[in-house]
Structure formats: structure tokens, C-alpha cells
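Should a chain be cited, it is by its letter among A, B, C and D, assigned in written order, with residues numbered from 1 in that chain.
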Amino acid sequence: MLGLTRKDAILLAIVTVVALLAPFILNPFPTNSGFAQFNAGYPDLMQRFAIFGIFAIGFNILFGLTGYLSFGHAAFLGVGSYAGIWMMKLLTANIIPGIAASIVVAGLFALIVGFISLRRSGIYFAILTLAFAQMSYALAYSVLTPITGGETGLQLKLNDPRVLDGALAPGERAHANLFGLDMTSSIEMHFGAWQFTFNTGYYIAALVLVLAFYLSIRIFRSPFGMMLRAIKSNNTRMTYTGLNARPYALAAFVISGMYAGLAGGLMVAMDTQVGPERMFWTASGEVVLMTILGGAGTLIGPVLGAGLIKYMENIISKINSGILHEWFYWMPDGLEDFVITLVYPFVGKGWHLTLGIVFMLVVIFLPGGLVEGGQRLRRLAQGKRAKKSATQTNPAE
Amino acid sequence: MGILEVKNVNKRFGGLQALSDVNLSVAENTVHAIIGPNGAGKSTLLNVLVGKLLPDTGSVMFDGQSVLGRKPYEINQMGISRVFQTPEIFGDLTVLENMMIPIFAKRDGAFRMHAIESVRNERAVVQQAEDMLESLNLADARHDHSASMSRGNKRRLEIGMCLAQEPRLLLLDEPTAGMARADTNNTIDLLKQIKDERDITIAIIEHDMHVVFSLAERITVLAQGTPLVEDTPDKIKGHPKVREAYLGETAAA
Amino acid sequence: MDAIILQILNGLDKGSAYALIALGLTLIFGTLGVVNFAHGALFMIGAFCAVTVSRILTLSYTTVDETRTDFLGNPMEIEVPYIHNLVGQSAGDFMIDWAVPISILFAIPVMIAIGVIMERGLIKHFYKRPHADQILVTFGLAIVLQEIIKFYYGANPIPTPAPSAFRGSFDFGAFLGLGANSIIYPYWRLVYFAFSLVIIGGVFAFLRYTTFGMVVRAGMADRETVGLLGINIDRKFTIMFGIAAAVAGLAGVMYTPINSPNYHMGMDFLVLSFVVVVVGGMGSLVGAVLAGFLLGILESFASMAAVLETLPGINQIVIYLVAIIILLTRPRGLMGRKGVMEE
Amino acid sequence: MSTSNFTRRGMLKTSAVAGAGLAVPTIFTASSVAAFTNDPADQSTVTLGFNVPQSGPYADEGADELRAYELAVEHLNGEGDGGMMQTFSSKALQGNGIMGKKVEYVTGDTQTKSDAARATAKSMIEKDGAVIITGGSSSGVAVAVQALCQEAGVIFMAGLTHANDTTGKDRKANGFRHFFNSWMSGAALAPVLTKEYGTDRKAYHLTADYNWGYTTEEAIRNSTEALGWETVNAVKTPLTQTDFSAYITPVLQSDADVLVLNHYGNNMVNSLTNAVQFGLRDKMVNDKKFEIVVPLYSELMARGAGAAVKGIFGSQNWDWKLQKQLGDRYIGTDAFVKSFGEKYGFPPSQAAHTCYVQTLLYADAVERAGSFNPCAVVEALEGFEFDGLGNGPTLYRAEDHQCFKDVVVVRGKENPENEFDLVEIVEATPVDQVTYAPDAPEFGGADAKLGECNAGA
């Protein structure tokens, strides 16, 4: 089906179904219950899951397949965002030209950076990419302020030209849209105590995620993908088999840069604002962590890693002492305070601590990332029968 | 006029004259062995042939074309394949995938974007790879990780990968080094089979005289960066200079 | 002329901080092959050793002074450090004043212990794992260490001044006969520079002239062979990790009077020290030190107003630009060894 | 902390769920029922979103803002001593929540990054049903979140943001700033500086290389040059700089006799510490004592810089000693300091003050408008004149949603009595002196438009 093996088709189908049903799946708790805090099914976070999923999928095409560790991929995301918002300011608030420009500009930038950085390998390559990204960040924050808006970034303004769009009616603002379909518009559904939100922007992002995921499966399974894995596995043999590794690696670099640009373009399409800290090295580090956390070189791992980190950032960080008191109100006062004292350092402003601990636990106990966790669960469920087939699993699953 | 012509090649590393005035001619469709004591310059010569090193002076012609200044992958694409002392294979890939890569390289050249169509749909390539594995008796292992194979099988796979490119010249760098006797014999048999079945020139660098005398039609003895003698195996066996320079040393060692 | 000399001084000073951190980082890279993202956190913990010592020395009990009132109008509470009762007021005040140098004594055992625990408890299990896993685990550890410090000390910088004896400036101008006040430089920065030279020299001498150091250097070159000789290289590497941690920690302790420490100062330095190590060349201690000073000096020159007028924003990017140029012209940095961290 | 502040919501809500039972799914778009985003009409509570930095360099400032918000919520709900509600000139607030609805709140971590701040603000709006977002500790975040609130149709009450742009070229109808700005700092500081240091001074600026730095440098330059000072040099420093020695030493060699540090946060702590280390304060240039000026002061930064702040001039939005030292024009200050100090044990920072005041102002505007509708709130706040919130008589100007009030000029105290007593008040510059035209060129000129208020939905 769709040129995929049965196994890949099933994976794609699962991703598609999960993406379509995300508003339900991510909102398992009734709106009024104490657990509603853990609901993630609101438009912004769902959009972020999809966008960072795309970013990580693209990064994995470079890192997971070729083993080249780029520490500057956020630069492509940022450049894509700037290109996108300028299209939306100059041309039209329709997101199509913006996203197209994001991909193209990020791809071109990746071509330049990749062409130079790929002259070196290993840690030297990583530092070269890091240097380019840090320069982009520093310049965007300061001397490029006329183009980037500096610290305060760029947003849509009432007096932007938008030459393709008609004049705005008084009181009207420019909305990011797809042929009139407003990204921010939502339909809400109430079902008993539950509430579900279906957001246009999210579904567009989800559609792009599914397409991006599908494309990445095709790349993984293609001769090109095989060549990329060959680079990672043995560069010497690659060379002495008559293959020029550099253009393969560069192609992978540019493709992953374009994925990053796509993610950046979607970010401004969903939320019409861009600032330079999107390119800071910690943002580049984040996508590295997402990919490793989920499982580098696996198809679904990076998406899971992206989801986990964004979930922690947006959900755990919002649990404050007030919410803890609500949760544990039923305990005797002394015990309640004790439990809260124990839990408090790990939530709210302590969410970074929890994140750090999760990183360490995953890498210590699940060397292959979250995907390995899933595999272990499946093996556990299948019992001994799976033992035999486990040795024969496809390496690029 | 041989398929490989090395003329007046010199290479210095600082104070060490690694190759001095090397002349070598390998005739088409023969097995030509290059032997010599440690430090004789065998590896340096090999690295010059595959483009890893550039000689200071001299010329290296393959089938009438110079290989000097070309990158290793370009030289490979001209028809020279190399087997390494320790098998260089794609350890993270399956045996079948290992075999498909040189077939793609032969078909598509040094770089081509085939990023969409699945490898499985490249039926001709898959078939050819399967056949090759069949002929190497590796078909049963086709879905295994190649890193998990025995050393002997890795060697077979590597030689098979080189053959899959249908090279005109196959360079072997001590192909049986560190191998058990049985594996060595298997490798000799494999190489004999290749020699018999294909139109191919083989140049082999080897320490193991058993291997050399089982396979070679001509032998060049290298000592201190210079070819000492070149002749048939029978003549080499009794050559006094060789005894002195090479076999003598082996006896002493 | 004065301006140039001053910027070289600035560069040496900044460079000594970079070099000290990079030295420990490259020891760990070179000996253990581990990408240690927690190294910046070790620097930060060193700095907080100084904060802790100064807190301990100023640990106080309160007495109430009825004659004065605090901001809410309640009677004023006066804090008296316990150390006054312990060693007398003047000796106590002297110790409080000298808190930073005193912290060195405290920081060495603490940092070595932290390093050894880290290596034995965590890093050891990651020697054979891919660099990606090392990055994830050490990054996680760095976050955890940072958050622990933030939990106890807050996010705001904490002033930790130098002993009052070192608070002034040295007049190089008068010293060199260039005119008084033309080149003055703070004493503490000179102390920091001298201190880093001592530490760097000490580490080099240790590696060069002790058998321990020789084994470690051999291990850096070829771990397996040294292992074959029957030498317990693992134990040596553990100690080496402890030393690297101590070097980073001491760099942190002495840095506190220059800039008030805060919990994320390690992350601020981490990226730069990685750049320094790589520009110096993987596996080369001399390279790391050299690159530290080189980048420090270049950064200082790039921030001169005259330079900025012709090349606006160059101070923002100079280090990265130089890193790119060096890595493109010299494939393995200034003095890198072949095959280290190139895969 | 007492648990009584918090609804036993878990219990109440379980029963609500039981009552709803297995209702048939109802599908509707928000616009068909509500006139504006997150209308709390059918709820007994109203949710405010407190979006402050909880990680990164401004985490402590964020923590102080959060303390103030929690205090404000207590007071709005009629708990505690009521703080500034007793002194506030508008008497619309009754201590029974806002329009009878109990005030609840959600918190988020901006990380001082626009992306993260917008993400948490959006989650508050989309998930938690917040009707207002408030807080923050930098102008980048304030501008980003303000634009978001404009699009989403909720009110934004800025926390600490000092760049002109927030109510200048980036002003928005749904956004309001109580804090003062760069221009006001310049206007307030320049006369004091010339009075203290004379009109014949040569200034050297070090400026953080981003928007806030630019506007602050411009403001101080223009206002000091107008009074006779000369600017000999202005050098931009990277935001990520930690050691400023390379920028300080050229100052020593110029003929400048004043150093202006247009820095904030760690930049300011480090540059000031470095400047003092290099002995600038002990220097005599042009027969005058060398001086250092820090246009925007914060108590937390002053604490971070330690002894280095002694004698350094700067400006503040507010200080906890205002009423004690300058009298009852600044009524409200003591009431606020008292309730804050009794709850937390130390005096509030100016960031805490502005956040507390913003919360009260919002609640009061809702009461006066009789609606949570953002457009009604905007109308109630525009041109609103009030007093009793610690800054003296204040105006929320209609044209740009900037508060106009006295600016406090302070100086680092030579002999602080405790760790919170870091600055002494030099004067409170009267509001007239720091007022500018809404279309001033520094504030985007005639192009800067608030646009129409957006009620969302």
C-alpha cells in the first residue's frame, strides 16, 4: 500500500489515526477533574507536537541515518520562520507561499552550511554547525534587527503591505489562513464532562506531519536511505565501493534542513510571530535530545521524543503549589504538606529537574530510547515467541 | 602492455623512501602477487594504486588512463576494487543490503538520488544480489546483520561485494591475514573459482606463501621500496635474491 | 599602544578561564572518549563551593536590637556570625573576607569526590555507548545539578567578593614607565591569571613527570594496548576524572569574584569551552590551552570600538567565525590527533 | 502555606460531573454562544493567567512577581488585609472576587523566551480559559505575548517591560503597561544627573545589543545631551557576554568621565561588577570624579552586584520606601509592603509591585465595566485616572495604554542596613516631566497604532 511494506503501512496508519484523533486521545480526563491538568488536547500544544515532530523527523534523516550530529539545526528552523513571516507580511496571509518560502530558504541556507561543514566529520562537524547557528542567532538578535526585528521579533502588523490580499476592513486583522480558512478557528465538542477542541491549524499541521512522516518512511526504505546508513556504518567501504559520500551526506543535510524550514514555516503559520531565540544553541540541542530520547535512526522515535519533551515543558511546568493542594486536599493536613513538599521540587518551576531525570533514566534503562521501551513491552506481551524474531528485526524500524 | 602499468613511482615520507622507482606491469586476466618483507612498501604501493596516496613522481596507468589525482571512489568507478586486510563491510546493514550497495554503485555511479522508490522494488538489483549471495553460499544469512557473521564469511561477503561491481582489477590486501587454516583454504578456493569463472585481473598482496603459490601466476618481490624480481612462482621459489631478502627474513623471524 | 596591551591582558584573563575549563573537558574527552555536557555544571558547582563556604562562615544567630526598627516597623534583628564566637571577631572577619581563597581547600576534596562519584556511578557505564547516549545522559545530569543549585540558592547571581586586599588595581603604567594610570588592572584578575597558569602547569607536569601521568597519556593514545599490559587503566581514569572535575571546580571558585555566580553560568560557558577544545584539536591538552588564550585575545580585540565601527557586530560572532576558519584550514584544529572523535 | 486559599475544587467538581451525567454530545463553535473569548458567564469562578519566568536568569524576579499575584488574588477574594484595595481611589472592588466570581489562577514558565511565553500563554487561554494574561520580565516576551493576546481576544497586563516598543511601535489595543519605560528613565534621570554631576560631562555608553538597549541608550543620550552632556562613545555588547573587561578597559583610556551601562539582568550585574573592579569609581578624569549610571535598576540585580552598586544612580518604577520617605502622595505603598512583608518576610520588588497593581487595575476595570468582555475592559481602562496604588496620581493613557506617573530616581546606598535595603531614593520626578506625545518618534511616530480591541470568539 502506498509503496510501503505491510509493517510500514501499519505504522503510518497508526500515526495517521493518532494524529486525527489526537483531540480525543490527548484529552482523556474530564475538564473539571483534578487530572485535567494532564490533558494536552488543546490547539497550541497539539500544533507544537506536530511541528516539533516534523522537526525531529527531519533531524533524524540526517543524524539517525548518516550519524552526522548537527548541533545547529535550529538555525534552519529560525531562518524558515523568518522567511515565512516575511512572505506573510509582504505577499499574503495565506500560509502556502509562506511555508513554501520557509522550505526553500531553509534549504538554501542548509546547502551553504552543509557544503562547508561536511568537509569535516565527527565532533569537528558538530562544532562547525554549532558555530553557524550561533552566529545566526547572535546576528539576528543584534545587528540584523532591521530584518529580524531583533529581540522583539516579527509579527503581522496592520500596515504590512500584503500585496496579494485585499485591504483590511476597519477593525479587521490579518489572519494566517489557508484560502480563507483561519488557522485559529476551532470547533468545540462537549461530551458529558469532557470537552474536545478541533482546531483548523492543528489539522493542517497534523496533515503535514503525516505527509512528512510518510516521506521519511519512503526515504528510509529507498536506495538513498540505504546509502545514508552505509555512510554511518562504514565510510571507508563506501568510498572503495565507488560511492561519493559527500553529496549523499549533503543531500541528507539539505533535506533535514528543509524539514526544519517546514517546521519553522508551520510555526509562523500557526502562531504569527518569530523571535531569534528560536535559533539559540539550546534549541538545536533540544532537537538532538528529542531524537536520541525517542530513538535515533528509528522512524517513530523522534516524534515520540518531541512529544515527551514538549509535554513536560507545557504540562509539568504549569503545575503550581495551588494545584498540588487541590490534588492532595483529601489528605490530613500534616501529610498533605509533607507530600507537597516532596512533589513540589519536581513540578512547576522545577520542571527542568524532572526533564533532566527523565533523560538520565531513559538513557540508562532504555539504551535505544523510547522506541526500545515500546519494543520491550511488546516482547513482554508476546512472551518467548518473540525472542526468535527479535534477532531478525529490521535495523531501521 | 598490461592492464595496470606502474612506472618510476617514488614516494617519500619525511626521511623514509617508502617507494623508489617502482615499475610494475600487471597483465590482463592474470593473478599477480606482490610479496615482500615488512616495510617493503607493499601497503604504500597499494594506497597509491587506489588513490589514497599521491606519489611524488611517476605514473600509474589503468587500462590506458592515469589514476593519479583521482579520488578513491573515482578510481573504483574505473574498475578497480579493493579488499582490505580486515574485512571492511557495512556492519550495521544486513548481508543482502551489503551486497546491493555495490550493485547500485555499479549501476548508478558515484552519486544518484533514489530517495522515493523502495529498495524492494529494485527487483533487478535485489535479484542480482540474491544470486551473488547464493554463489557465495551466504544466501541463508541474507537478513542477518553482517557484523554478526564469522570472519571467514565477512571476507567472503567483502570479496563478493567487490565482484558485484564487476571490476576489471581486484586488489587484495592480505586477504587471509589472521584467518584459521580452514577459512584460508576456503578463501583460496573462492579466489580460484573467481579466477576460473571470470575475466578478471587479480593483484594480491600476501604474506602467506601457501596462498601466494596456490594462486599466483606471476610474482613481484618488493624490498625496501624497490621491486627486486618479477617472475613466475616456480622461478621465484628458487631465486637467491628472494631467499636473501625475503625468505631469509621469514626464517629468521 | 596602551589599548593594545590592555586588550591583551583582557584576552589572557578571559583565555585563562576558557583554557582552564577546556583543559578539564579535553582530559575527559581524550582519556575517556566521553562527550561530557556536565562539565560546565562542574565549573558552576565549583563556584557555588565558594558561595557555600562564604555562607557557612557568615552563618549567624540573631539578636534583637530594640532601639532600631526594620522595614515593617518591628524591632530590628541583628545578625552575628557564629565565627566571631569561635575564633574572635577580628579573626572571624578575616576569614569571612578571605572566604574565596579558603574555599579552595573546601572545593578540592568536594570536586574530586563529585568527579569520582560521577565517573563510577554513571559515566563508567557509558564508555562503550554511542556519543549520542553520552550527550543525553550528561546533559540530563547537567540539568539536574543545575536545578539542585537553583533550588537551594535561587536564580539570582550571588555576589562573592575577593578579599579586600585584592580589590584594587595594579598600575602597570607606572610599573612599566608608561605613565601612571595608563594601564591599570585589577589585582584579582591578575591572581586569576597566575592561578590558572599554576593549575595548567601543574596538570602538565603531573602528566609528564609522574608514572601515573605517563600511563594516562599512553591510555589516551591507545587505551587497549595499555589495558593489555595489565595496568588497571580504569582506576587511573577514575582518578583522572576526579582531577578534571577539580580543575573545573577550582576555575569556578576563583572566578566568583570576577562575576557573581548563578546557577546557569555553567551552561553559558559550556558551548564556548566545547568550541575551545575542538579548535584546539581533540586529544591535545596543549591545543586546548592555546585555543583558550587565542580565542580570549581575539574576542577582546573584536570588542574594541574602532573594530566595531568597521565591522558592526563582529564582537557577537568572532569566536565562531575564527573557529570555522581554523577548522576549515586545519582539519583537526590547532593540534588535534588523527582519529579522535572523528567518526 | 495555608490551604484555605484554594477551592476544594476536586470535590465540588465531581458532583458537577455526576449531574451532567451522560449528556448527548453538543457541538458548537465558540462564537455561537459567547461574545468573547473565555467568557466566564456560566462559571462561578474566573481564571487569571500569570505568565512569569520561572527558569533562566530572571527566575527570581518571576518568583517575586508570582508572590505578588498570589497576594493580589487573596485580596481580590476578600482574604488577608486587602492591601492596596484599602487605599485605591476606585472603590469598585468589594473583596468578593471579580463581579462576584471567585478568582482562580494558573501559572506558567515563560523561560524569558518569546516562543515559550506564547506557548504557556496559549495554553492558559485555550486550555484553562484565562481571561487575562499578565506578567513577564523582558520586553521581547512582553511584545510577543501582547501580540498573542490581541489575536486571541484577551487582555494583556504587562509585567516588567521597560523598552519603548511595548507601548510604542508594538502597542496593541488589548495590551496595557503600568511599568515605566526607557524614555521616562532618560527624562527623569538627566536633570538629577546634571544637578549632581554638573552639565559639563562626557559620557561613555555600553549598550546591550538588542531593542531595549537601543531605546534606553537613545533616551539617556538625548536627554543628557539636551542638558549639556557630551557622548564620547557608545559601544554595543552582546547579550550573551559574561565578562565585560574588554569593554571596560577602553573606557579607562577615553576621556569620558561618566559610564552609562544600558544593561539589564546578568548583563548589568556583571558589567557593573567589572567596572567597579577596574577601579572606575576611584578614578579622577577631567578633574572630576568618575561616575557610573545604570538607567534601569532592579532590587534583585542590585543584590547580585553586591557592594558594587553603592552610589550608582538609576531609575525605578517604584520603591518600597516611597511613602515612608516622600509622604502620602505615594499612599498605598505602605499598605502593600505591609501585607507582602507579613506574608513573605521581606519587602516586595518593583516587579512585584507592578504585577500586583496590574491585577488590581484589571479587576477594577471589569467591575466598573460590568463585564469581562475585553473591549469593555479596554474602554474602562483607557484614560482611567487613579490614585492610591503607590505611585501617586496615575493616568492610563488612552492613546498608547501606557501609565503616566512619577518616576523614582534612586542611588545605591552606601551603608545598607540589611540585604533588602539597597537603594536610597533621591527624588521622585513628577509625572509632567516624564510625559511625552503619543506619536513621539521614539514610540513609532504616527505609524504606531493600537488598532481595534479584539474580543475574540
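Just so it is clear, contacts are C-beta pairs under 8 Å (C-beta built on N, C-alpha and C of every residue); 3 or more make two chains touch, one makes a residue touch a chain.
What you see is a predicted model, and the numbers here were worked out from it, not measured in a lab.
S.K.: Using the touch definition from the top, what's the fewest steps needed to get from subunit C to subunit D?
M.R.: 1
S.K.: Check A-D against A-B and say which one is joined by more contacting C-beta pairs.
M.R.: A-D is joined by more C-beta pairs in contact.
S.K.: Please list the single chain whose C-alpha centre lies closest to the global protein C-alpha centre.
M.R.: Smallest centre-to-centre distance to the global C-alpha mean: chain A.
S.K.: Per the centroid of Cα atoms for each chain, what is the distance between subunit A and subunit D, given in Å?
M.R.: Inter-chain centre distance comes to 33 Å.
S.K.: Between subunit A and subunit B, what's the gap in Å when you average each chain's C-alpha atoms?
M.R.: Centre separation, subunit A to subunit B: 46 Å.
S.K.: Just give me the whole-number Å value for how far the CA centre of subunit B lies from that of subunit D.
M.R.: Chain centres of subunit B and subunit D, defined by C-alpha means, are spaced 74 Å apart.
S.K.: Just curious, how far off is subunit C from subunit A if you go by their C-alpha centres, in Å?
M.R.: 34
S.K.: Give me the residues of subunit B that touch two or more other chains.
M.R.: Residue numbers touching two or more other chains: none in subunit B.
S.K.: Name the residues of subunit A that each touch 2 or more other chains.
M.R.: 138, 141-143, 352
S.K.: Residues of subunit D touching 2+ other chains?
M.R.: Where subunit D meets two or more other chains at a single residue, that happens at 55, 59, 63, 209, 236, 238, 240.
S.K.: Dump the list of chain pairs that touch, please.
M.R.: All chain pairs meeting the touch criterion are A-B, A-C, A-D, C-D.
S.K.: Under the stated contact criterion, what part of subunit D meets subunit A in this complex?
M.R.: Touching subunit A: residues 1, 3, 5-11, 13-14, 16-17, 20-23, 25-30, 54-55, 59, 62-63, 105-109, 113-116, 118-120, 122-123, 126-127, 138-140, 143-144, 147-148, 150-152, 163, 165, 170, 209-212, 214, 236, 238-240, 447, 449, 451-452, 454 of subunit D.
S.K.: Where on subunit A does subunit B make contact in their complex?
M.R.: Those residues of subunit A that touch subunit B are 3-5, 218-219, 221-227, 229-230, 232-234, 236-244, 247-248, 251, 255, 392, 395.
S.K.: Within the complex, which stretch of subunit D touches subunit C?
M.R.: These residues of subunit D touch subunit C: 55-61, 63, 209, 233, 235-238, 240, 242-243, 245-247, 249-250, 252-253, 266, 269-270, 273-274, 277-279, 282-283, 300-301, 303-308, 320-321, 337-338, 341-342, 347, 417-418, 420-421.
S.K.: Name, in rising order, each residue of subunit A that touches subunit D in their complex.
M.R.: That would be residues 30, 32-34, 39, 42-45, 48, 138, 141-143, 145, 150-153, 155, 158-159, 170-171, 173, 184-193, 197, 267, 271-273, 275, 277-278, 313-314, 317-318, 320-322, 325-327, 329-330, 333, 336, 348-349, 351-352 of subunit A.
S.K.: Mind listing the subunit B positions that touch subunit A in their complex?
M.R.: Against subunit A, subunit B makes touches at 50, 71-74, 76-77, 81-82, 84, 88-94, 97, 100-102, 104-106, 108-111, 113-122, 143-145, 161, 165.
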